[in-house]
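Here it is: the structure, laid out below.
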């Protein structure tokens, strides 16, 4: 039997999904479009950002929205030296858990910074809005140091 | 409740690229070995078959359907599949045996992660409105978890490097390992960070491969005349999907599963933990209450090779191997799923009473 | 011997092309809450959650159970995700039942769903892989040649499929949850509908739906205390065979025959047409009713179509063995949930809870699901009595 | 347009989520062997060492016996129609104009069918048991693909009785 060739082929598995958001996610995205950030009150009173639809502890449906600030504090972060193609930046940046003012639960988003030294736990950051907001999580383009 | 025995376990080498190898070609060599080990001809000789796999690893729907072509399922067999690590296929199989609908089961897991960009592929496990559209990769999530621990003084970089060093050295005795070597703590710490605070060495490699196991009732194991170990406890538990709502420095679900599985009912000689990142091994060892008397990841663990969808089953297999060889009398195996140890399964495996 | 278990609550969403008002979690949640309410239980009463759905590519969420934890009140509990292709809704119910039948859990929640409107089923089922021919025009393209072979063998009249298409839509019109509401459908309308994959016409095919279905399954002690009548699980069976092998019987697959024989034996059924009162069977293309009538032993080989033509499977014609009184897959098809809907509808029938599509006095019912190339089968028999 | 309406249209109820993942696919050993020969204009199958049935295209195992297949068997490009469908809707990502015939074809020398297109015939004349042969593209267009065969066309040979479909030797069918 002759040796077969090894056959490689690049392919893309892709689709643009059309997601319906439901009222909670929809409200958050609607507010983002208006350059405003809202959280939701959990059953124990904690303010969760972005808002969750159901309380993790009691499984209750949540509905009490609360405005939160556009600035906050870095709780933890990862410095990405070699951004991947899917990442929001093509130069080094950080993913961070950010506790917004008025929130009790950190949200995960990206932080733009010139170097790793410019990011630290406890640092204050503020939301930077995309030029055009469309009602998508990336309406917050990134956070940057205050 | 029926006692369930493990009588066979085999795995492929963990390789960075299995190359020209489809699902069937990945599975057949491994299940053939486990048939030989147990002395059966094929899947017809067990009462139930259950597998674990994930379509997105190589981007083709219905990977497990092709897997059935490896089984010789003519005449038809009792068979099922979880889109999870095969450790959960083991769990499902145990329920089948306990309810009396099977005396024996073949379990296998397989994955070819090399064709895709795994940390990005797995970002699509996150919630589809807030996190998945940002493409937050699994390594970055784990890096944030590690930093929380470092910042709180719960671990040091030295501790993490010690995990890596031990894994690489232990893997020298594991013929299936992808990464093995005499790597010192200093060697690891000398590496630059990659996704800070993680170094490349803190992160499990991307591997292709498969593993397989046969379990049965203790009566059946005796009938087959095979050395066996007994699963004395098993439980699993999931946590909220919002990483911000979890205490990422602990694994409360592992703690709870360990309690329910009876980890603390005896000494733990050996533990195999599914920790894809070095700091997670420390979280898990603490959640399981393991002390110095326990040999942790003697196989090298998944830092030495991570067979996605099979690694959890492999942890159980590794503990089984050490018990039937007499190296250990009682051990704990752990499997995980989801970002930052969201979902955890704990199994306690013990020497058969006759052997004790 | 398995422990006794019973369905003590069922819940479904309504089925429609696009549930634009809910997130994926919201959809799944709705069915789960309906099941809990039916069982008069709360989240705290549930010991474990078992989730099923078809390929993750439909919604583009990998292992979505991870994200659904909170919607299903599962934080701190065991969660398992089943995927066995189109049969998954049925398999998931069986895996959920095994949690209780094994004596491991007292009461579990099981949910199956599909939100097909998030993508396109044809794409998700036939997205091209390198080095393979891309001629499979979805499930219809796959099953059409098998149906053609059945028609050749059985010499059935050409309009058997048309009759099933009408019958199941008339059934569906009795079910307010059904996706297609066609109370005035006629044979002529079906016959004149577009021929998609000859011999399958548009109206002989299932729709593409969003929807979810859930059940609460409890052990004997708790089921006896349940506020509404339980549906006792009298038999459970699964079978699989390869998609293709030389000489495979594709029209009347052995896996289906074996699975039926297994489940009938457990439930003490000798003559399914006589012993069962109703069946909810996975019929995504109309001709699969006569084919499965034979495969499941309701009729001798080659004669399933006669039952259909006699009206034996029709509620409206007063048939002796109604098939798919809910309207079946032909009326609603959220793929991953379709199997569980069959299982839940069987339970509703023996609980006397099926509303306008209730088969009067139903005591014993079959729930059936199949998947892949008609190679994966899951079935259960539920009864109003323990047996 | 009133103020109120403008606000309502601003309420987000849905999003588009583009999910595009890149993979580098590698064909399995058995399919690669098959396609390497298809590139040379030869159809091959693999015979099961246990049940002797011949699989095409081979996937590396006999699905019935669950054993690896290795013995390679050269097949004919003449085949028999096992069944077929006439498809009236386009296939996503495929340029074929409907209606077209997709047939389950068993090539001579094999025991299992694959699917391919039929042409050079009236769709209404296609039938089970019909004899057909592959029409190949020009050799310079051959690649690692079954598309090297453009389609199958009817042969002027007697029909194969149903019970013999899947059992025709590579030498062909005399009727």
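Quick notes on this structure:
Letters A, B, C and D mark the chains in the order given here, with residues in each chain numbered from 1 onward.
Everything below uses one rule, namely that a residue touches a chain if its C-beta (ideal position, glycine included) is under 8 Å from a C-beta of that chain, and two chains touch if they have at least 3 such contacts.
Bear in mind the structure is a predicted one, so any value in this text is a computation, not a measurement.
Taking the mean of C-alpha positions as each chain's centre, the chain lying farthest from the centre of chain B is D. The geometric centre of chain A is 30 Å away from that of chain B, both derived from CA atoms.
Averaging C-alpha coordinates per chain places the centre of chain B 33 Å away from that of chain C.
Distance between chain centres (mean CA atoms), chain B to chain D: 38 Å. Of all residues in chain C, those that touch two or more other chains are 20-21, 23-24, 57, 59-60, 69-70, 75, 120, 123-124, 127-131, 242-243, 245. Touching of two or more other chains is recorded for residues 19-20, 56, 59, 68-69, 71, 73-74, 117, 120-121, 124, 128-129, 132-133, 240, 242 of chain B. Multi-chain contact residues of chain D (touching two or more other chains) are listed as 13-15, 17, 19, 21-27, 29, 31-32, 35, 62-64, 144. Taken together, the touching pairs cover every possible pairing of the chains. Residues 15, 17, 19, 21-32, 59-68 of chain D are the ones touching chain B in the complex. Interface residues of chain B, counted against chain A in their complex, comprise 19-20, 56, 59, 117, 119-120, 123, 128-131, 133-137, 139-141, 143-145, 147-148, 151, 193-198, 240, 242-245. Every residue of chain C that touches chain A in the complex is listed here, in rising order: 18-26, 29, 43, 57, 59-60, 69-73, 75, 117-120, 123-124, 127-131.
Across the complex, chain C meets chain D through its residues 20-21, 60, 120, 122-123, 126-131, 133-137, 141, 144-146, 148-149, 152, 194-200, 242-248. Contacts from chain A toward chain C in the complex involve residues 7, 9, 11, 13, 15, 17-25, 52-59, 61.
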